[in-house]
Amino acid sequence: MALAKLGKIDYRFIYAFMTIITFIPLIYPIGIPTTVGDNVKNYVNKIETYPAGSVALTSFSGYITMLPDVEPIYVATYKLLFARGFKVLILLTDVDAPIVITQVLNKAGVDWSKEGIDFVIFPYMSMDEAAHVVFTDNIRSYFINDWKLRSLDNATNLPLMQEIYDYTDFDLVVGSTGHVSRYNVWCGIDIVAWGTGTGLLPFVGPFYDPINGPIYGYVGGASQGGELEIATGYLGDGIKTNDAKNLGIITLCIIIIIGNLSMLGEKEGGKE
Amino acid sequence: MASRNFIRRDLPLILVALTAFPILLNRFVTDDLLKNYWTTLGSWTSYISMIAWGLGVIYLFNGEYHALQMNKDKGIVPYLMFGILVGFSLLLVGMSILYADWTTMQLGIRHESYVWWYNGFYGAQSQAFYGLMFLYLMSASYRMLRFRNLEASILLLSGVIYTLRNTPIFNLYFPWMMPLGEWINNIGYTGGYNAALICMAFGSLLVGCRQLLGRERTAVEVTA
Amino acid sequence: MALTIQDTMFLFIQMFMVACVWSYLYKTDNIFARGAAQIVISISTVHYFLNNLNRVYLQVLIPIMDGTRLINIIPVLAGVLFYTRLWKGKGWIASYSYSLSLGIGMGSLFTTYVSTNLLNPINRAITQVTGATTPFDQASALLAFIGTLCALSYWLFTVELKGPTRYILVFGRLFLMSSIGILYAQDVVWAQSLFIGAADKFLKFFRMVLLGAVA
Amino acid sequence: MVAIETKYWMEFVWYVIMFGTVYYYLKKVERNEKLPELRTIPATLAIEEGVGRALEMGKPVHYSLGSDGAPIMSSSVGTTIAALAVLKYTTRLSAKYGTRMIMHLPSQGEAIPMIEGVIREGYIEAGKPDAFQRGDMHYYGYLTAAFSPGVYTSFVREGVGLFMHAGSVITYEFPILEAAKINNAIVIGGTPRWTATYIFAMACDHMFIGEELLAAGAALSENKYLTSSIVSEEIWKYIAVLLLVGGLVLQFMGIPFKSLAGL
């Protein structure tokens, strides 16, 4: 009978228990070591195969709510892209993105005087699939200017854009969520994928093939941000929260076990 | 009556089909005209949805005002809530105008003061709301993830094993967790997912067929 | 480096907002949580509205006014017609606008779904088997293939599987369940990251303001 | 220059099969020929039960399509239309029983007129056009971060007897399902978006699994033309099975089926 009582725990106890468990490693870091998965290694390797001067389109969702999940990935990726000499196009796909991109690029240590030469940021517009297709087919039929309202044809301010017209000018797409399949279907460009765990991981599986593509590697939120930081060597926020993640999952297992024990108790009680 | 039905019901249905068919044709025929048609419509989607967004604002305030009227007798709380909503909205509008750059006609929504309010109130709170999902998943796992029968057991095992595979510490101390998790992902997940995807495609395409043949009338108003 | 008043306020607001949201967990009907919800709804609606307003002006209206893209008048008209919904008895006029939108949606639906959601999974299911190299992989892939076939039977609406054929459905459902389990697992760790993010914001105030630690 | 794109021939064949079969069965209905019986989708039965219980409890019915659950200009439009058909059915039932129905609008502004149209039609079909109140349509802004707290508040403020959550749902909406459960509501929901199916498995009393929601829209309409199309869809499924099995066998026999079919 005692076991059966386990099934009637007030949810608030579970919430409080979990919150305390999460707080402990945030206050006193334990330092549980981390391993880097193959998908993350492939992500870094693929980016590193391109020569300096290659053009990468980064589809930046930058939803402010998701930042704890993805900010480490964004920062480490931009550091890596700029260190490898990529020319980077930044497509803002979320309403918060214009605000977030500034924070992220600052954290990545970007030289803003190189805007227009090394990187270009497009303005934010709400984009459905059809809009993505238009954008890849002809950038100028979708955007007239960049996010600071400078015309895309202005050679003084945006020299980078003078060589880029459509998807044939991209060498690599760093894409997120469902856009990935879109770029694959319409353009067949090489893709590495980044994004929140839930917005990326369920979609990426079918397209992921480190040898033939179209997705050569991916980093999907959660703990993988920390893995990317280790793989690239740019250590940041991602690695700090790993302890809390480990302890949280152990607690989850304990909660599930308690739930099952209570079911066992109820069955025993039923027999009596 | 007949002409009324035609204008209210049939003409919109025809418009749907007329808009869609050139897009389908564009898939199989390479033609500049068709392509231009598709790319023009593609950029229109963004414009239409941006313009229509104002409706949301109207429904928001209308809905909240209605709720205030319904809950008038419940003391000061409903008034306070409505006040917070209106006050904050005005604050943001005010700031966007105050910090606007009128030479380029850009509203001040990227100004650092605006961003300060945005990040402080919206950023923290929306993250906390999403974070609640984790705690709610805990209570739901406690309630639902049990070895009740074979199906529930499979759900539980796939879920737990893959969760552990995603957790750094388990990968380190139980290296077999990674390949096992991947196996379940490749076999169990893909097996079910493929079937679900195919059927979902069929279901959606069926709705599409009915719509284009003029039989799906859910979206058109006849009587109102 | 000492914190400015502005920074302290910022940290306090973040901490307070997180606390407001968490108060839901203790009691669903409480004034803090409701107030916090009103704030987030207000910001979410108004910020997006301002953003769109500005973008429509810059991207759509200016090209109309300077005559470079007069054709933009059509989407503007379509967008404005949506508002006829608000007038009594004139709501049906909006159906022209959403018919245009539905038409675009239908075009996207057919051109996307047949290729990505229908032919792609078929291709993938076959490739998984033919592309496997080791006997173990081949056996596993074949299992997934059979799983797909069986799972398809769940969505048959005219046939009721009875007798021995029932086991096709039983086997298929196991795959569906396994698939659902994996989806759960992918989300748990993601949701946890956000929870930790919020917890970190909550603690940051105490660490930086009350204990004077450096970020 | 006009040129025919031959590499997509398989897609074209599918188009022909799809439109052909649907048209064929529509004609059959017109000729009053007998069609196979459809099995009942369990969750559809639960809707009436749920509305009844909400009435008993004296609490409203809440309906939501999801925080960005009504895309009409993207490929998910099929789901939107099917979910609207379920909405119309629920509205009709609520109007019939006299239960208040609260609609939580998705963030797509362009879908709002359509949703209101569907709800109005539902009330008119039930013979109570005056029962419609626009104020019971609540809007919460951009995506889930505002949607979830908005729906929570509504649960707390108005109470909840039945919560229907069906449409292009994303996983982030799990907390509102759990909140409805904590507030003792009956929760019914589902989505064809497979990636979000698990949230319903975890928190719902009755759920539409995958395509069931898309079929439910037609099945609930009691319109013979719509139900007949589900029969034609069954044929597509058999063809898909044939393609799967046949493709695999041919591939093993050394015939390059995949490249022939343009897969």
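Every chain is named by a letter (A, B, C and D) in the order it is written, and numbering of its residues begins at 1.
Here is the rule we go by: a contact is a pair of C-beta atoms (placed from the backbone, for glycine too) under 8 Å apart; a residue touches a chain by one contact, two chains touch by 3 or more.
Source: prediction; values computed, not measured.
Relative to the C-alpha centre of chain B, the farthest chain centre belongs to A. Closest to the middle of the protein, by Cα centroid, lies chain C. Among the pairs A-D and A-B, the greater number of C-beta contacts is found at A-B. Mean C-alpha positions place chain A and chain D at a centre distance of 30 Å.
Chain geometry summary: the mean Cα position of chain A and that of chain B are 19 Å apart. Between chain C and chain D the centroid-to-centroid distance comes to 16 Å (mean Cα coordinates, whole Å). Taken residue by residue, chain A touches two or more other chains at 11, 15, 19, 65-68, 95, 125-126, 128-130, 149, 198, 202, 206, 222-223, 245, 248-249, 252, whereas all remaining positions touch fewer.
Contacts with at least two other chains are made by residues 24, 27, 38, 40-42, 45, 48-50, 52-57, 60, 81, 106, 109, 118-119, 122-123, 125-127, 129-130, 132-135, 137, 139, 141, 155-156, 160, 163, 166-167, 185, 189-190, 193, 196-200, 202, 204-205, 208, 211-212, 219-221, 224 of chain B. For chain C, the set of residues touching two or more other chains reads 21-22, 24-25, 34, 36, 38, 40-48, 51-52, 55, 58-59, 79, 82, 85, 91-92, 95, 97-98, 101-102, 104, 106-110, 112-115, 118, 120-122, 124-125, 145, 148-149, 152, 154-155, 176, 179-181, 183-184, 186-189, 191-192, 194-199. Viewed as a network of touching protein chains, the structure reduces to a complete graph with every chain in contact with every other. Interface residues of chain C facing chain A in the complex, by the touch rule stated above, are 22, 25-26, 47-48, 51-52, 55, 58-59, 63, 104, 107-108, 112, 115-116, 120-121, 124, 183, 186-200, 203.
Within the complex formed with chain C, the residues of chain D that make contact are 8, 10-11, 14-15, 36-39, 41, 71-78, 80, 109-114, 116-117, 120, 139-143, 145-146, 149-150, 152-153, 155-157, 171, 174, 179, 182-183, 194-198, 201-202, 209-212, 215, 230-231, 233-234, 237, 240-241, 243-245, 247-248, 251-252, 257-258, 261, 263.
Of all residues in chain A, only 9, 11, 14-15, 18-19, 32-35, 37, 64-68, 98-99, 102, 125-128, 130-131, 133-134, 137-138, 141-142, 149, 205-206, 222-223, 226-227, 242, 245-246, 248-250, 252-253, 255-256, 258-260, 263 touch chain B in the complex they form. If you check the complex, the residues on chain B that touch chain A are 35, 38-43, 45-46, 49-50, 104, 106, 109-110, 115, 118-119, 122-123, 126-127, 129-130, 134-135, 138-139, 141-143, 145-148, 156, 160, 163-164, 166-172, 178, 185, 189-190, 193. Here chain A touches chain C in the complex through residues 12, 15, 19, 22-23, 26-27, 65-69, 95, 123-126, 128-130, 144, 149, 181-182, 185, 196-198, 201-202, 206, 220-223, 241, 244-245, 248-249, 252, going by the rule given at the top.
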